[in-house]
């Protein structure tokens, strides 16, 4: 067990425990806050996978953008301590059961599939410049489409949220 | 003369063709100008129509002079391919022969005079220019009808004159009666036309596409026209079908009902269309197709004609509407012509058409003049206007004498010929004695009702003094045509001899020009031994008729009321016109409407029940109560039924659509899990 | 290659897709600018019409086969091609479609709500219809056939009369039912042809289609029976569109509820598609079966003629609460009557008959379109169509009266107007083969005359109904839509050869094919 | 070598995250909560992509896709939150049970 493996387990815990809390905590505000940890954990996983730029972007977008937005929405939309804000437990049983079954199958498939792994043990290279190259050459069209999507989302959100 | 004229002015074109196209085209030009810009022209553009018809008239006269000099063998024809498909051609062509030219002369003369007359008669009408447009259109169609060289072209113009007649009858369409009459005329004549069309179809089928008159005749003459249908030879059947067209157009029994109603139109129209030209088109058709009719078909024609003659004459006896009396008289006279053609008197029948056109147009125009002066058509409100309208009285008197068949007048010549022929026909075939009998009886009746008309209108005391005071003689544009037409009603005009029996011939054989120009297609003319009897008999009948009329309506020694009282049953039948209209109303229209309603409910009742039981037990409960027309069976069963099944099942299935996304997802997830479990188990 | 050359190379594609281009342009116009939208639509339909005139001009009249053919692989896996072309049969229909579409744009001026959506749908409809008439690939044909349904559904369902939803749904389901049958036949053709193809010309060749015995649902069908079943399925598919009794019940409803221009298109073009489909697909591919069924076809034609005429007459005699008294419905039923002549002419396999039938399709497009336009004119002014509700309009609106009279007389087959020629040709052709049916069918002429004249009398003759003292005469825009049609009706009534020349070579070849069977 | 980390571990991690996200989506009444579930699912997808990028493809295409996932997630959350706010303004609730206007 190398140091990397240890870090993997640590990051996995950082990801999963808040995610668990996020899903099962009755208070939506706590759920939102716990997402914070989960997103950080995923960023750590990215680092472990040698995706430095992705990890940074994860922190920036998810933690800095999306999470803040969600929290805003939570607070804007509701008296956060209100009684109705609590979710009842009963509703979680069936989804949980089904989720467990699904998880079982997924893990079974993951473990039984003969993965064709071609991992080399080179030290991970910085990816930023290569990603930039790829985005502006091979993936130019999706890149542009993504920008249009963002623009559309921007305009759409403004139009939707603008009070009449 | 005509040819040289055209060669001089239009040297590059074929003179005869251009003459004919001009003859036909001038009224059309008049129509087009009038319908589009007539209102804006000076005097409503009447001069355009009169001018154009005058050109046609002049051309016809020139043509006639040419014909007189070239003799009866004259024939000129030309044709163009009109519809050209593989293995199928239809041609359009012009055929000019003596019959055509005589018809042209009649049509253009009467048209021209009627146009002239209409200037006076219609001058106050708000739709003055439209009236002239329609008249021009009628002249165009009528000229086209006689110029046509094949049956199909003839049929086309045949329908077009029907249209013109419809438009002119319902010219004063604000009057519901006029609108109704126009419709009735068009539909009733169309029933005959359909018969004629079927005849054309039979001929077309039998001769493999020949519709040209001459080729049909030669085909028939060669005996190639075979085939039978229900024991009747197809040739006879085709002839009767063609004759049906003539029955409709010439208002023969049983399709005569439209003509009296057609008197709702303006009087000049009645004179032109419903007395002189269009109704004579049926006679023209029979003349034109004369060689085509088999003896059996001719017998049918003769019986129809003679029966119509007497039948219509009796109906004219009791009518008080001056125009309707004339209308029934027209029907009766057309019957006489048909009878003549039926018994084989080709020349005589056509001759009577020509003379009748002149004097009957004159009678109608005179009646129009009277109506114009008195503003009524009811003879009971007239009387004593002889002094006030001398020209009208004189001309009408001349025409009446002509119609009654009195010597020195044209009607005598032609009618006598027909009656003589029919008599000799009956002498040869005694079983057909009814034909001449009807003919002679109708002569007597004709004389009676015509003189009744004269006496009631012009003699006696004025019955309505207010109208009487208002009366005055018509202007010259109206009286001039009357004078010309009455002159044409004199025997001398047709025979060159005053009495009309050929005792003097002022200009040799050409003086009897109608007889001279018309050649019977086969030697069907009978020896004239019967003519003397016929002459005596018809004169006696006419004399009796006049005498009775004189006694009843002038001297009033016999009271008309008393006679009516005595023969109440007959009188009632006559005033109701034999209940023919009522019969049709009941038999045709009533049943037709019932059939309509029946068919309208057809889907509801019949298809419905059949389809219900057979097709869709699922939706049986929803279908049977459909009562109205639109909720049809097929709809309810197949279309709406399917819809209802879908809707009902949808209603059940819809319950799982809760609108809760999470439930959907849950079901989806469950399904995924289920599938996975199944996959691992299998 | 010059631009003109490029256009001429792909003339049919241009004709079909110019409305689509127009649709794209209209899509980007703001919806408030109704005028701009209308004129843009008019412009593109005009372009399409001009292109079809060019087609007509460049068309070789002596050539019986297909011209202006374009073929491109579309879905190669299933041997489906974008395959278009036109011959004498389709060119008349293309001309009719583009002309009527162009005129109908102007008749659509009275549409006030949802202008943009309306014209989008209308242009799509035109493209669909044109596509049906040029397709030579069964699959393509089917796609266009379905494409045209969609805008029609919305046009009736949104811009229609009081019962529009019901009418639209009914129209849609009816036609869809027919389409499904057509689909079955299409698949059968595809899988029984060697090699598998949707190409209509290929399928019409004698050796391509190898139908085998079939055993389905426990019913054993021999080759002959199976082919007949295919013919019947296909026939029902097309018969719904024609419509042939008893598949006609969608028609009066759809016509009555649709807005004026859509009724015009429905009557003028859509009804022709059924007959066109029969001539284009059923007849050449299944000639023996066509021959075998010809008596039934003629009989159905007779039923259409008589039944349509009587039902039209019932509009006058029945009161409104029993489904009568509607002018538009009267015309709709007269359409059934007129399509009966088409069917009768097609069923007899004679030169006169088939030429008359196709010419009748063309003429019916002109006359009925004109009648519907005319009904629309008065409906825009008085907002009802009750035959009893008028009276004496002839005094007030003489030009309008004249036009209605012209169209009615054309419709009842008056000589000198175009319908007469086609009807006469049909009768001349059919009498040779089925005299008894023809003689019964001539009864339709009389009834036709009766109900049209009766309707004229009710609406225009008699004393003027005081309600309409201020009724406005037809305006310039309406005249613009009506005058071309009346001129054409008159012109082809006097001289029909221009149209007959276009189609006679093609029809002659079709006829030899059928007579061989 | 059970604990030596390779592709499978990453995949299992992402699978757990995914299932947690799904459960969140299914069980939350609050629509913002559902949105959080969706974010978890998206994150799990991102992990999958990057892991495959490292272990299977050995190039950067997986990372590129991860980036696109961010883009989509960002747009989605922006639009979704806007819609939720709008609904809240109209109905004063974000409870998914009360939002069933789609049902006819």
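Should a chain be cited, it is by its letter among A, B, C and D, assigned in written order, with residues numbered from 1 in that chain.
Just so it is clear, contacts are C-beta pairs under 8 Å (C-beta built on N, C-alpha and C of every residue); 3 or more make two chains touch, one makes a residue touch a chain.
Keep in mind the model is a prediction, meaning the values are calculated, not measured.
Student: What chains, if any, are shared contacts of chain A and chain D?
Tutor: Common contact partners of chain A and chain D, which must touch each of the two, are B.
Student: Taking each chain's centre as the average of its Cα atoms, which chain lies closest to the overall Cα centroid?
Tutor: C
Student: Measuring centre to centre with CA averages, how many angstrom lie between chain A and chain B?
Tutor: 95
Student: For chain B and chain D, what's the span in angstrom between their mean Cα positions?
Tutor: 89
Student: Using mean C-alpha positions as chain centres, tell me how far chain C is from chain D in Å, no decimals.
Tutor: Taking the mean C-alpha position of each chain, the two centres sit 54 Å apart.
Student: What is the distance in Å between the mean C-alpha positions of chain B and chain C?
Tutor: Averaging C-alpha atoms per chain gives centres 36 Å apart.
Student: I need the residues of chain A touching at least two other chains; which ones are they?
Tutor: 94-95, 98-99, 102
Student: Provide the list of chain B residues touching at least two other chains, using ranges where the numbers run on.
Tutor: 666, 669
Student: Give the residues of chain C touching no fewer than two other chains, as numbers and ranges.
Tutor: none
Student: Mind giving me all the chain pairs that touch?
Tutor: According to the stated criterion, the contacting chain pairs are A-B, A-D, B-C, B-D.
Student: Could you pull out which chain B residues touch chain C in their complex?
Tutor: Its residues touching chain C are 82-88, 130, 152, 155-160, 163, 166, 170, 173-176, 178-180, 182-183, 186-187, 190-191, 193-194, 197-198, 201-202, 204-205, 592-593, 595-597, 599-600, 602-603, 607, 628-630, 632, 634-635, 639-640, 642-643.
Student: Where on chain C is chain B touching in the complex?
Tutor: So the residues of chain C touching chain B come out as 169-170, 173-174, 246-247, 249-250, 252-253, 307, 310-311, 313-314, 317-318, 321-324, 351-352, 355, 392, 394-395, 398, 409, 414-416, 420-421, 424-425, 427-428, 431-432, 435, 438-439, 442-443, 445-446, 449-450, 453-454, 456-457, 460-464, 495-497, 500, 504-505, 508.
Student: Touching residues of chain A toward chain B in the complex: what are they?
Tutor: Answer in residue numbers: 94-95, 98-99, 101-102, 105.
Student: Which part of chain D faces chain B closely enough to touch in the complex?
Tutor: 22, 25-27, 34, 96-97, 100-104
Student: Mind listing the chain B positions that touch chain A in their complex?
Tutor: Touch list, chain B to chain A: 666, 669-670, 672-673, 676-677, 680.
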